[in-house]
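Please find the structures below.
You will see chain A twice below: alongside chain B first, and alongside chain C after that.
This part shows the complex of A and B:
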């Protein structure tokens, strides 16, 4: 009797194991990615919406079965904007066998370049520093570099300057590799013929007041200030300029200053911080589509944010878009590798990344141009869109453009 | 010449806000000899409470500002009661370590709210047109900020000089045992010191938040930015905080106005306060107005 019971139990157990195994096969593969990001450090206002974009889009991919029965997992960890923590997070992710990695800051991206090269893992950072591409083959910039952005803004200033002579421009930079990234390229562009007069390059501190700097700009005839930094110092500068009555009411207004900014130095988060000082006539460039730019991308982003319970501030944040976009690219590479019957490995995804060009470029809907990468060009979206704030919202000016001088000085 | 006077005015504005921010450090140190490392976090909390009351609850910003000071007063008092009261008599370093822990706790709490990750700005209630006089400009926000700062500093100076409670706090600062022997409740004085520091921090947070916008990192950084002010003025001197605050504000403006952009120099406003700090400490180790205690052996 006991023998019979044992046999039945053995059969039942085998059946359960077989069922478990087959259901696992039916559930498909699990692909792992990692994101190390600042959620509690100096730039948490950027990192948090970015991480939410990543988190929501990964959920969406799985909920909507965009990878069929396969599942996407993204480990998200806070690094507090500390490179040593980023490195530790990355090493932990490697232990989890990730096939794709999302990094955050310029400093950590540059510090871990060699690690990425050794691990041969495709990396999309939140930093658009052109220097990230040097000395390695595996880092890809999602959109146009800071250099392209700053030079692109300078080109716009040169082409649309109101008044005689060359426009006098000042650069307002973050005191780090992130801020300094476009400085030399702006200078090289001027040497190559870009018609602006670069009067000052300022690396800001933690200032409560920028009166001295703004008055100095005014005394030197500076008419345009291009910012390559994060929103808080730009907000303080704009508030200071407003209190001194210096902000141009129209583009290029004589005797006043027109303020312009690169991706992280503008957007809805800047308006939230600077209030009326950034509500009108702040010029901003990025490769991302904005919530005010009507279209399927905007509708999809709002729907995604609503679906996963995000508030309006997150839904319209450019860095939420940023987070969505990098996962879109990762998913697209996985999808393409799968379609070709490849096993999903770092090498396979790298091959798909560098083949994402020409007719194979990826239209993400969240960007103003297609995402295209090759071995020679790892800068994703080449085009930029200029926006201007009106009533606290950013509106497109003209069509997307690519920086002409960045191509010349390359 | 108007450039010079503009820098003077801006220096005084910035300096007085530094002084108000530094006041919280001084108030606690003056009575308990404790350096509260979490002061920047309390400044941020004060600003966020004002914003929440104004925007989420719908109270007028002036009333919210006053209410936030009251709330932070009791909040800081509670912090002292819960975390620090039991450390009376323990080594000062232990108490300072607790304030470091407190800093992490407040950070964590704020990061759990939208304030930890989003940017906000106070509703604008003052005229946007600057006040201009002979080519010198100043925003209404700055003007109101300076007025609040000087009113508060005046009130605290009177409080410590003329009120019984203030004099008790000074007595505790001088000698805890002697104070107890004449019937002063040392724990109550400590609680009150933290409470008044909380009140001044909320005021500073409200003013800074109006000038820079509400970003957690920017606001809590003020706890560190005003450190040279506290040290130069003397850790236990309210008057020292005022003088050092204004000196620092002026130095920063003049450095930025006259040094930056020349001889390849930039960012001198960030560095110069620390250079001045080192020089002053070489000659006056207790700061400009700090009490130099001489112990008889």
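This part shows the complex of A and C:
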């Protein structure tokens, strides 16, 4: 009896050992990435859907085995929009041996750029500040910069202004490096011949009422306001303008103000916040495909959100798209490096990033143009799409475009 | 004082000099030396990730800043809620050199001990100037004056093109006898530098408090008219208290700039000033031990609250605002609880523990 029990135990043990070894043989590599993002701070309304986009797409990559037997891990940490916490998170990720890093804010990207350079790690930030590219080689902007966006909107204003003389424009900016990013480039573009009259530059505070500012705009004859900030302050401004009857019903309506916004200052989340004030005639530009437009990108995004139990607000948020897109790029670089038989290291991924151009440009379903990087050009999607809100949904206006003056002032 | 220098169950001083000794017994000295040895030796034995070394280094820097605030608020009785701005003055002294000469200039990278002292001195000068209203103002009015300095500092940096409107100004890597301190050794190196400075300045504070200048601070705090009647100069004392606080803050600011390898506006805001005040209160105002334990307590609490807020924000997305509110809520709660139930701070717990062992095995 004892002998029989011993035999059974031996067989069971052998089976378990065999299973253990075989699963080790089958298991592939694990590639680690890190994301430090604001989920509880001043811009958490942007950071939260962004982080969910990252989280869901990483799950999707693993579930669908897009990297074969290899596994992708992304550490996601909240930094509360504080650079000190971002730095701590980054150090933590480095201790975990990450090969790719996703950063968030403009301030922290600027503050950590020398660390990125020393660590030689490819970085995709959520900040599209053109200044991120200066003084380092490893930061890549996923889409067209804030400068391209703001100057592009200003170009549209200049080209489509109906009244006589130069259109009078005000800039409404976030009081940080993020908000100020395109300010000087708009000024430089005006010096280079862009036909707009920049009447005022406002750095907003935490005001819940913008009546005084809007009345001042009116007294100065401002016809267009271009926002480079996050959605809540834009929503506050739009609600104020609505109650004062200042919002133009058609583009450039005389005596009223037409509101326009860069990537983070618009989108479905703005409509959710501002309600009827943003339902009609709000102009918005981004390099991402709009979720109200029909197409494979939209369908895939909704399917992804549904698969991982996200609600409709997250599913159609442009920053959910944003989060998906940066992981898509990271996965694509890993996939390409693997296909060439390279060991997945920071250096290998960097090589693949800077080779992502020409015929090798990456066509993501989430953007209006291909993602292309090189050593000389680390701005991913070069084109922008203009959208306008109608009935609470955003619709494309014209074809994707690239800012002409940003090229001139470079 | 008892005959035995090893054990003393009571305070039997026979001269003023014996009462003012830094270490009352040999055991005190021995415990201190052992503690110091542990502080210097543990990084060589235990491997800690850069994240935690960064936190530990930040605690040490905060200790230096709180030394100054404790002198000002704890010993001189002058409440300041602009201390982060003084720390910022030290950091921006380095940033001024970096903007003028370049972040990798030899002055910043090779003569960094000198730069730390210069930052402290600039902090002292600015502290002295900001302290001038204390000649006329007291209590809440002085608080408002220091708050004004904080606001002026923030406004100045935020709108100054020279300081890049508060964006991070890079500071180069420093050199040691072995060459450039690289990324791998960065936090390790600064741990030892800051620890040495903490010990030196700790002794400086302890010695200051044994001198007539230190006793002047306490006398002016308790009753400035009585201090005046006894031949002290309350006005001068208050101004030099601010200058001293500015010096400590300036040194802390310079170390902050070197540790973080850059100077950014958002490290010196009003809520940092309140944090420093909280560190001093929770540690124990008017005690040297308080300045040592307060920063550690608050910064570790912050880390824990951050983790909790992240956890809540991650799993309960609908209550994101609650997660956002955790930090100020927990912070305020800790300060209020300490003020209500332990106004003498954690230092008082240390005093009770010491008393227990001093009297052991007797209870009284």
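Worth pointing out:
Note that in this section the second predicted complex is superposed on the first by the 389 of 410 C-alpha atoms of A that agree within 3 Å, B and C clash if a C-alpha of one lies under 4 Å from a C-alpha of the other, contacts with A are read in each partner's own complex, and residues count from 1 in each chain.
Going forward, a contact is a pair of C-beta atoms (placed from the backbone, for glycine too) under 8 Å apart; a residue touches a chain by one contact, two chains touch by 3 or more.
Keep in mind the model is a prediction, meaning the values are calculated, not measured.
Considered on the superposed chain A, chain B and chain C are sterically incompatible, since they clash. Set against each other, chain B and chain C touch different numbers of residues in chain A, with B touching more. When the two complexes are overlaid on their common chain A, residue A:40 makes contact with chain B and with chain C alike.
Residue contacts after overlaying the shared chain place A:242 against chain B, while chain C stays out of touching range. When the two structures are aligned on the shared chain, A:195 is found in touch with neither chain B nor chain C.
Judged by the touch definition given at the top, the superposed model places A:48 against both chain B and chain C.
In the superposed model, A:66 lies in contact with neither chain B nor chain C. By the touch criterion defined above, A:313 lies against chain B but remains apart from chain C after alignment on the C-alpha atoms of chain A.
Looking at the shared chain after the overlay, A:355 reaches neither chain B nor chain C. Of the two partner chains placed by superposition, A:393 touches none, neither chain B nor chain C. Of the two partner chains, chain B is the only one that A:212 touches; chain C does not reach it. Overlap of the chain B and chain C interfaces on chain A: residues 39-41, 44, 48, 175. Residues 39-41, 44, 48, 77-78, 80, 82-85, 87-89, 91-92, 94-95, 107, 110-111, 114-115, 118-119, 175, 177, 180 of chain A are the ones touching chain C in the complex.
Against chain B, the residues of chain A that register as touching in their complex are 39-45, 47-49, 175, 200-213, 215-216, 219, 231-232, 235-236, 239, 242-245, 269-270, 272-276, 311, 313-314. Listing the residues of chain B that touch chain A in their complex gives 3, 6-7, 10, 13-14, 17-18, 107, 111, 114, 116-122, 124, 128-130, 132, 137-139, 141-142, 208, 211-218, 221, 225, 252-254, 256-257, 260-261, 266-267, 269-270. Chain C meets chain A in the complex at residues 49-51, 54-55, 58, 158, 165-168, 170, 183, 260-262, 264, 266-267, 306, 309-310, 313-314, 317, 320, 323-324, 326-327.
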